[in-house]
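Heads up, the next two complexes both have subunit A, just with different partners, subunit B and then subunit C.
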Partner chain A sequence: MGGRDKGQIRIVEAFLSVLIIFSAFTISANLTVTQNRTKNDNLASVGLQALIMLDSDGSLAKYIGDENWNGLRDVLNLILPTGVCFNMTVYDEQMQQINADIISNGGFGGQQIAFVEYVCASRGVTFHCYIIHLLLAVVA
Partner chain B sequence: MKNCGEKLKRNSSGQLLIVAALAIAILISSTTIYVYEVSREKTATQDQLIAELVPAIKQSSRNAVISSLANASKGGEKSVLDANLNSLSKAYRSLNQYGICNLSFTVLNDSNYADGIWFSWSDTSGFGVSSAYANFSLAVYGLTANITANYAVNITTAVKLEGYYTIYGSEKSVSLICQVFNEGKPALAKNITLYYEDLGVWLPVNSSNNFSITDYGNGTYAISFTVIAISDPVLVSAHVTDLREISVQANATCYKA
Partner chain C sequence: MPTISIDTFFACSLMVLLVLSAMAASSLLLSPHINGVSNENISERYAEISKYLLLNIGEPQDWGQNSQTIPEIFGLAKAGSENPYELDIDKVSRLNSENLYALSYATIFSALKMPDVSFRIELKPIFEVAINLTATYPSANEITYQFEISTGKQGIPVQVELKSYVIARSYFEAKNAFVSSGDTYINVTLSNAVEGHVLLIVIARSVSNTKIVSFGTYVFAHNSGEPNPNVPFLRFSPLNYTLNASCIYPEITLLDAYALAFNYYSTLTQTANSNQSVEYGIPHFVDSGPTLMVITGLNSASFFAEWVAYPQIPLEIGADFADSNSLSNVFAYRYVVTVNSALYECRVWLGGS
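After this line comes the complex of A and B, so read on.
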């Protein structure tokens, strides 16, 4: 009887151990993924808001029209939060890439990558419509 | 002893099975909850992004109308508005991230507007208008949410010109107040060119006319110049370009003060 009790207690102990370890693993993994996702989701929103802000006075189209890629990179660096990497590609209406230079502030070391697609209409006398692809990542 | 051990093993195997089953059940339920939570967050985020896209589309529509009016006011065809908005609509249809994005529009046609464009430049009351108007209908069919919105874009640059003249010997000194408006609000001008009429001919005002202009910084400009004109009253015309490159003309009749 004593031996059987011992065995049962060991099983219960083992079960509890597994449960505790598994719970800890599940909760921590869940928390990590949730935090990553939240950052990732906010990132797309932050990127979209940055483009809207730049476009509000027509300066986004002006940078593109003037092919001032360095200026565009600098202004994006200023608007986006620190620790955010970006890589922008500008296309015309026929989806031909316009930017000859890379519009980016560094390598994508982070795991959380967000993508924003944006249409920019110019204000000038000659109308241009640009399609912008913006990739964002949080530096790890 | 051996029998007792085997008996114990046999007794424990059922309990082990239950424990294993319990563990598997917990594993499955945890996975299910996790997947559910992740998908719920993704849905909410996608909806939020689509909601944030609407102001961006309104802004693009506005920019396209501004560009069209700037073009038409500088001698372009009035049909440029329709063509530019078609390009914009096509660009939005090519987007993939937000689902299907359909932007349709109608340009205004009434007693003032033709193809969505209205110029009132020849009136001598001192008021000139360049305006464009289009109605938009937006429908975004996302994976998790649909958004529809109807809105109108009206871009108007107006100029109010009024003044008088005084006689100094053989010259007439003309004083004018020119006010520039964007959508009814005071706005700055990029360039102002003045003309006056003498015997049916419009002549430009330049430095030889002692031309001076004072910018008050609030969309109001005080202008003065002198002319040796036979015509009375003096007809003046202001050709104004605002900061959005939209041109407008206003004509005023100046009487002796």
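After this line comes the complex of A and C, so read on.
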């Protein structure tokens, strides 16, 4: 191998090092994704806890059974933190949407959006199972 | 100089330059994310600790009910409860510093058994009730006071049912409940035969869910001098459905005692009486939410009416995180909790020293 070739190989090595550096950038991008996931987990946890509290005495299924969508919207507005937007959809066992009205407190302008799926059952004589999809967003 | 040396020098310089700039760029780009991962781990740990505080019963399980018991392990959950985030009415009341049997921060800190964790707990109703005296209409034999009652959550009106009580010397009135969309007025008419300070209590219950309850109080003068709300005459300590009222001054004479809830009210019965304190039994009303106890009395000749809520909420206990220079990595967690079948907002702050 000639001396000129050795010099060229070192230039190739330099470009290989650039490749390694770009790999480092790729790792940093993955770290960013992990952090966003954590923030969404916190928001989802707030939404899940709100649904658990409403379901603890059966009132969540009662709102749905009575088709009291305005009441459900108002109570979610009260127990969720100020500055959190929500949009709820209620399905039956066959995943047919039940709520005729929109259960929401406004538009979704936030960057963080979390999704909560919750299953609740009625406590009446006739058994009903409802699947609730709750979308949450933090208003900037 | 041979060509190979120039090539090698150029390649080495390029490599050193690239590596140095890459290290600098990587350091700049990754540093916030590495810190973020570290904070994420701390946040997850603190989130679990905050849940532990609210979901754990503590040891002994009934440390709230017995005024002399100091918990070995701290936890606020109600023993035997089937629902998560249901807190014990007495454990919560013992966090209020106004209660004679309140736990100190140091006691809770020891019982938590986490020496590297500072905390602060706040409990309050989900919405606020504000009462303002807006107008007074005197006539020959009576005076009518007009109050503005506002119910809201951080400025957003909340539709509620309102129930109000008026208590003065030898006078008790329970007004009929009515619905308010968030801002309304009520009138209180008092005869000139009534004298002294008057206590107005308003209990508000959300129309959308009767478990969401709040209250407000207002003391005003009627044919007497202005009241000084910062000078209490009694110290209230409700615990285990018993109200202990300690007299702060020796000349105090107690007159009437009432227990008030949204749908029910009753007079309180004395169960014990000592030199400087009186005990009353607190009735178990079926209403969700707080029971408000009012005791009226005389300090020398001046009339007073003072109150306490059971559970003793709102309350706050713990470290003061306002001075953020002394602490790093402070995280706040918000929960909706149940106490005596009513919903409250609980905020837990956790940080390391």
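Here is the rule we go by: the second predicted complex is superposed on the first by the 101 of 140 C-alpha atoms of A that agree within 3 Å, B and C clash if a C-alpha of one lies under 4 Å from a C-alpha of the other, contacts with A are read in each partner's own complex, and residues count from 1 in each chain.
Going forward, a contact is a pair of C-beta atoms (placed from the backbone, for glycine too) under 8 Å apart; a residue touches a chain by one contact, two chains touch by 3 or more.
This one's a predicted model, so the numbers in the text were calculated from it and none came from an experiment.
Colleague: Have a look at where A:56 lands relative to subunit B and subunit C in the superposition and call it first, second, both or neither.
Modeller: both
Colleague: Looking at the overlay, what does A:71 touch: subunit B (first), subunit C (second), both, or neither?
Modeller: Only subunit C is touched by A:71; subunit B is not.
Colleague: Applying the document's definition of touch, where does A:97 land relative to subunit B and subunit C: first, second, both, or neither?
Modeller: Neither partner.
Colleague: Would you sort A:129 into first (subunit B), second (subunit C), both or neither based on which partner it touches?
Modeller: A:129: touches subunit B, not subunit C.
Colleague: Once the shared chain is lined up, is A:119 touching subunit B (first), subunit C (second), both, or neither of them?
Modeller: After superposing on A, A:119 lies in contact with subunit B but is clear of subunit C.
Colleague: For A:79, select first, second, both or neither according to whether it touches subunit B, subunit C, the two together, or no partner.
Modeller: It touches subunit C, and subunit B stays clear.
Colleague: Touching A:46 in the superposition: subunit B (first), subunit C (second), both, neither?
Modeller: In the superposition, A:46 contacts subunit C only.
Colleague: Applying the touch criterion given at the start, work out whether A:11 contacts subunit B, subunit C, both or neither, answering first, second, both or neither.
Modeller: both
Colleague: Residue by residue on subunit A, keep only those touching subunit B in one complex and subunit C in the other, then list them.
Modeller: Residues 3-4, 7-8, 11, 14, 18, 34, 38, 45, 49, 52, 56 of subunit A touch both subunit B and subunit C.
Colleague: Show which residues of subunit A lie in contact with subunit B when the two form their complex.
Modeller: On the subunit A side, the touching residues are 3-4, 7-8, 11-12, 14-15, 18-19, 22, 26, 30, 33-34, 37-38, 41, 44-45, 48-49, 51-52, 55-56, 58, 61, 93, 95, 115-127, 129, 131.
Colleague: Please give the residue numbers of subunit C that touch subunit A in the complex, ascending.
Modeller: Its residues touching subunit A are 2-4, 6-8, 10-12, 14-15, 18-19, 22, 25-26, 29-30, 33-34, 36-37, 40, 43-44, 47, 83-86, 126-127, 153-154, 156, 158-159, 206-209, 211-212, 334-338, 341, 343.
Colleague: Inside the complex, what are the residues of subunit A that reach subunit C?
Modeller: 3-4, 6-8, 10-11, 13-14, 17-18, 20-21, 24-25, 27-28, 31-32, 34-35, 38, 42, 45-46, 49-50, 52-54, 56-57, 59, 70-72, 74-75, 77-79, 81-82
Colleague: Any idea which subunit B residues touch subunit A in the complex?
Modeller: On the subunit B side, the touching residues are 4, 8, 11-12, 15-16, 19, 22-23, 26-27, 30, 34, 37-38, 41-42, 45, 48-49, 52-53, 55-57, 59-61, 63-64, 66-68, 70-71, 74, 76, 80, 84, 87-88, 90-92, 94-98, 244-245.
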